[in-house]
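A short worksheet on the structure shown next.
Letters A, B, C and D mark the chains in the order given here, with residues in each chain numbered from 1 onward.
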């Protein structure tokens, strides 16, 4: 019988290598796969390329990876964390900044065998014209994001964006069954399905393991075919996170 | 209060003009919006461009439109109906034949503001190289599908496919609430979500109208923002269609 | 055209809340709307009771409601600013790819955004101040995909310099995307790449607007 | 190389069911597989009990089961051939765009298809016989996206002509996509654009295969 449940997060995640690219779900701390991210730190992986919407507002989640110097490049739309920017301007991390919708679509495209697509988002801007600083050295621009191919379609300029196939996908879900079928809760869904699709090998951390059949065929949010390994979150989510919410005020 | 329920199919569909392009859900007769298609015939609309996976195996659904000579062009992957092919070879209907996955993705792309995308499906084949007959005259090829732009990406040839924005989208669902949120049943979902996304104006025919809130926020298959008008199916689906199934054997 | 910064102190137009209130009047019953940070966040407070406006949040909410009240926050239900929110009856959740399919595909009616600058042809700058931390979020998708992009902003910045400019000097978010501008002093429409002054705020004269506006525009006031 | 059509009558290899049975042996526990029409449809009948193979149908089913039995058919649950099917426990339904995201994105393990012709570098022709009604369905997506494309077919056509050819003469479905070929006479692998004879059917000799095969290949028989 197919059973994607893995009892030990650390053992399961040991296949992730230093230098890997990892697509990570979550929007801020909502739906962020913290158990996987912490395990990655505990396993001492380094030189990572993380593809994620936000780096975070504190030293948890991707913020911890950044603070511990484990990240070589971030592909994101809204990093937030000041310490991330400090590392960026200091030349320690590259930032591939892309529009949020482009990020979501690039992850979906990569996971869907779509090599590239034309979108109007960002056409003609600094994020498409080759001027945005990808990296700094001594607080001077060292390299810039490559200019993106632009084409007029239906009378409007569009930029060509590449699908992202990540070495690994990290998702956080509410529930999983042994086939890897996932169900998310409210807006914690966000980037998790597309991060899972983008990964060559995908890990899902979940709050609840259920029996096969407990998630009805019409109630599956992400089909198990996109998921390779299911682990439990380190701790169940507290019912009320108002304390955390206060901290997340920008 | 937003209420997308429309009591009269004919009155509601009267906005569809002859010559319109219509993206239609369904896979064979499963999930096919027959009430909408019949109303279109009863309203005597002609010269239509239908975008649909199958023309059908009999004279219902899109088959009726074809048999009544109302269709100028079919964009499809698997037409099936012999009378459709007769009309095609006789020069009465154009056939834009495209791979099924390309059809699904073109509809989603059009509805998602993605103007075009590169896919490996069909690269180098008759469906991409400009040789496939789009139309016949006196049983000789009159015009051919345009050759598609091809590009090598990641070492493999890909073809550029355009997003499809249809004038109208026709979908069939199991349930709708007044906001137009839809829920589908099993494999009758198929092309319905993407046909709905592709339409500038979208009609959904449903078996059941429910109150707002009856479909939970995590249980919506297609958000009401993609749906403009909701009508009832002409007749409720019988619980058991084994008779119809017999007829559907190819 | 130069801007008379001194004159700014002598004219009092709409408050930030009043800008949001004025914009809210123009939202049509049944619209689906995305609200950016800043003044736009006040818009829901001023929607007329007889209109149902559905709010979209980039992180995948359609039918977003206000803060649920202290102690009722759900970490799995936050808006695009990571703040706790509630859901209206009939709300739907989508993933991020579908959320931006809705945005890019033109399925929203209006996007309401703040701005650093708007040019006289409707170019918008609102994502990046060079030298500060760069972040873009969904702004470029929202302006590229939404048919109506309405800006709410102060007419002039803290130094009294017009934010309506001949050409944007800050990095651009989208070109020729803004369709309306609501400021403390006036309401402008952008039609076919031309800026039209449609309305002055109560107590503000067309001359007051002229003195504080660097962009070229035509007066086309509602009667 | 010419094909000795007369010889075909004197060799009896695997039946169509036996071709499906032979292929089924090679499916690994846990695989997700798409089955085309023809011989591939018989594959589920021969899966060993100790292996769980998930079946995908293009119209959006993962975990498809057999016909539910007469009287239990559901018009909302059919396979890619429009036939009534059932669901296995733990099945999932997806829309057509996601179904082909799964296909194109390489998330299936094996696609099993019938063929008109397979070339010696693994080109496949199976979608169209010129002069007949053209239809393609999901074949081009399946061969473009699935890492393993296994063909089941008769070794020669009704006229005794080899379906393994130096170059496809029928319109091609996909270039260099086929990885294995299971016929009534033999099993071939395609490795780095070269055809390898891995196995002859019981009672069939390498010479029998050679006599009925127009494509160039190397003998690389399993010991």
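Assume a contact is a pair of C-beta atoms (placed from the backbone, for glycine too) under 8 Å apart; a residue touches a chain by one contact, two chains touch by 3 or more.
Computed from a prediction, not measured in an experiment: that's the story for all the values here.
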Pair of chains joined by more contacts [C-beta pairs], B-D or B-C: B-D
Chain centre separation in whole Å, for chain D relative to chain C (CA means): 56
Separation of mean Cα positions, chain D and chain A [Å, integer]: 37
Centre-of-Cα separation between chain D and chain B, whole angstrom: 29
Junction residues of chain B, two or more chains touched: 105, 108, 112-114, 119-121, 184-186, 189, 217-218, 221
Sites on chain C at which at least two other chains make contact: 87, 93-94, 100, 103-104, 144-145
Pairs of chains in contact (touch as defined earlier), listed by label: A-B, A-C, A-D, B-C, B-D
Chain B residues within the chain A interface of the complex: 105, 109, 112-121, 153-154, 156, 158, 183-186, 189, 217-219, 221
Residues of chain A touching chain C in the complex: 27-31, 53, 57, 77-80, 82, 85, 95, 97-105, 107-108, 119-127, 132, 174, 184-194, 221, 237-238, 240-242, 244-245, 248-250
Residue ranges of chain C touching chain B (in the complex, touch as defined): 29-30, 32, 52, 54, 56, 62-63, 87, 89-94, 98, 100-108, 144-145
Chain D-touching residues of chain A, taken from the complex the two chains share: 1-2, 108, 110-114, 177-179, 181, 197, 212-213, 215, 217-218, 220, 223-226
Of all residues in chain D, those that touch chain B in their complex: 57-61, 70-84, 87, 93-97, 99-100, 103-104, 128, 133-141, 144-145, 171-175
